[in-house]
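Written out below as structure tokens is the structure these notes cover.
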Amino acid sequence: MSSLPADAELRAAAIVRHMLAHDVFSRWMGVEILHVEPARVTLRMAVRQDMTNGFGVCHGGVTFAFADSALAFASNTGGKVTVSIENSMTYPAAVRVGDLLLAEAEREASSQRLAYYRVRVTRGDGAVVALFRGTVFQTDREHDVGRDGSE
Amino acid sequence: MSSLPADAELRAAAIVRHMLAHDVFSRWMGVEILHVEPARVTLRMAVRQDMTNGFGVCHGGVTFAFADSALAFASNTGGKVTVSIENSMTYPAAVRVGDLLLAEAEREASSQRLAYYRVRVTRGDGAVVALFRGTVFQTDREHDVGRDGSE
Amino acid sequence: MSSLPADAELRAAAIVRHMLAHDVFSRWMGVEILHVEPARVTLRMAVRQDMTNGFGVCHGGVTFAFADSALAFASNTGGKVTVSIENSMTYPAAVRVGDLLLAEAEREASSQRLAYYRVRVTRGDGAVVALFRGTVFQTDREHDVGRDGSE
Amino acid sequence: MSSLPADAELRAAAIVRHMLAHDVFSRWMGVEILHVEPARVTLRMAVRQDMTNGFGVCHGGVTFAFADSALAFASNTGGKVTVSIENSMTYPAAVRVGDLLLAEAEREASSQRLAYYRVRVTRGDGAVVALFRGTVFQTDREHDVGRDGSE
């Protein structure tokens, strides 16, 4: 017999794997899942030439998308489908081709149907390259996946 | 003899064409330039299957990247290289495969080295799908392009 | 017989007057109502010495509160109680003691239960001193005031 | 002989005390300094009746101003005058008359002239009532105060 906490961990992981498997753009970015627990996710990706903008650095939209995927995955781990209401992002340092990025999403607070997340994106050298914040709304719809361990 | 305002318009257009030509990710998105004038740009793109997320709608990061390109283009039209400091975005309506999106960027205010832009992203049916805001910092570096009409 | 649009205008004005009459902090700021229509409000206030911060200019929180009152008033004009979810603000220019400020709130978009407003705060000389944005959630609760023209 | 870190701590505390002493609006709010170290400040205040809005809860602008003071104090501890560029805030829980609030400001990242702070505002029961984020620009101007321990 498994305990409830372990079930919650397993279901969170199953939901995130399922979401990534169906997330065509995150797969285009080469997103990998490093860690999942309820309300917390760590992702990794490598920056490629086809992600750059007119200044030859990583397009801000790609860095945003990477953080946004971390938010989406982390905020859906509870089993209910959530949708994004608002996001903001700052850019403390540049991102270049070849950089290996980590995105760590965690919940800062929640209230009834809303939850508030922060995502820190860091480079291989540890520098923070993006501070992302997102507010999400939790719908009534359950994720089908992982309720019995299946995907 | 051309008047100065016409020169400013021509240079703005030359800078934006040059930026898009070198912006690999914006070209991946299929971004087209519809209109350019100083501090104001309108872009168009069509949403494809490879831009979707795990819910089958356009990944928020792609919509953000489209708005962000409009911001980058509009805020560089003055001839100096600008860099993004902070962005925020809301999502009033969903974006689906096949939607034809417009992004209209305009300057709301400016102060010494900072400028403040808003970008509205709309669908073909006129619905607002994203309200994006960006603060940019104007560097001292001049764009090489378009100073003599050349690119 | 009054037409429906005129009723909507009258009720919007009654709600805003009622809200200001009960809003102790807005009255402390000396907020005056210049114009009300559904989803749009213009307010005025004068900056006093007791609103300044350690640098001798108007405390950013007071400018924010002024814009936030404009958002609250504008977003409640429809007759349902709304609550703020998220706000952001930039500061293109300084605000000094004696400045007469205008706050103009307008709805940029809406979707089911959410609405998205912008508020521009300007000085007497027309300079934009704050660009404020707010996302609000519309509850099911009706304002009692003004349904029959009474307050 | 004092070590340099201790000097930095002392100067940070002197700057914050000086700023609060001249910050008329923060004194109106009854702000108290609980803790100061470089790039980190904790403040306290009690919510009064004259801080409420039309719904009888604490005006969002007052909560914002409290967080904004924490940001201003924390970001000036390094000895250079800093100014706010952009702020955003969410409201996970309501604030009522009599609530004792804590604001904890800390730096999340920095880059050349910009620094990025988060401020968490909590109630006496530990609930997060506001998540505030601020981007500041560091000027070349030195604070006069505290360079020799004097104020």
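A, B, C and D are the chain letters, set down in written order, and residue numbers restart from 1 in every chain.
Assume a contact is a pair of C-beta atoms (placed from the backbone, for glycine too) under 8 Å apart; a residue touches a chain by one contact, two chains touch by 3 or more.
For clarity, every value in this text was computed on a predicted model and none was experimentally measured.
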Study note, to complete from the structure: Relative to chain D, the most remote chain by C-alpha centroid is chain B
Check your understanding: Higher C-beta contact count, B-C or B-D?
Key -> B-C
Revision key, fill the gap. Between the Cα centroids of chain B and chain D the separation in whole angstrom comes to 35
Exercise for review: Would you mind pulling out the distance in Å between where the CA atoms of chain A average out and where those of chain B do?
Suggested key: 25
Revision key, fill the gap. Distance in whole angstrom between the CA centres of chain B and chain C is 30
Practice item. At least two other chains touched by the same residue of chain C: list those residues. Key: 85-86, 88, 90, 114, 135
**Study point:** Residue ranges of chain D touching chain C (in the complex, touch as defined)
**Key:** 18-26, 28, 49-56, 59-62, 64-69, 72, 81, 83-91
Review point. Where on chain B does chain D make contact in their complex?
Key: 85-86, 88, 114, 135
Practice item. Enumerate the contact residues on chain A facing chain D in the complex. Key: 88, 90, 92-93, 108-111, 114, 116, 118, 120, 128, 131, 133, 135
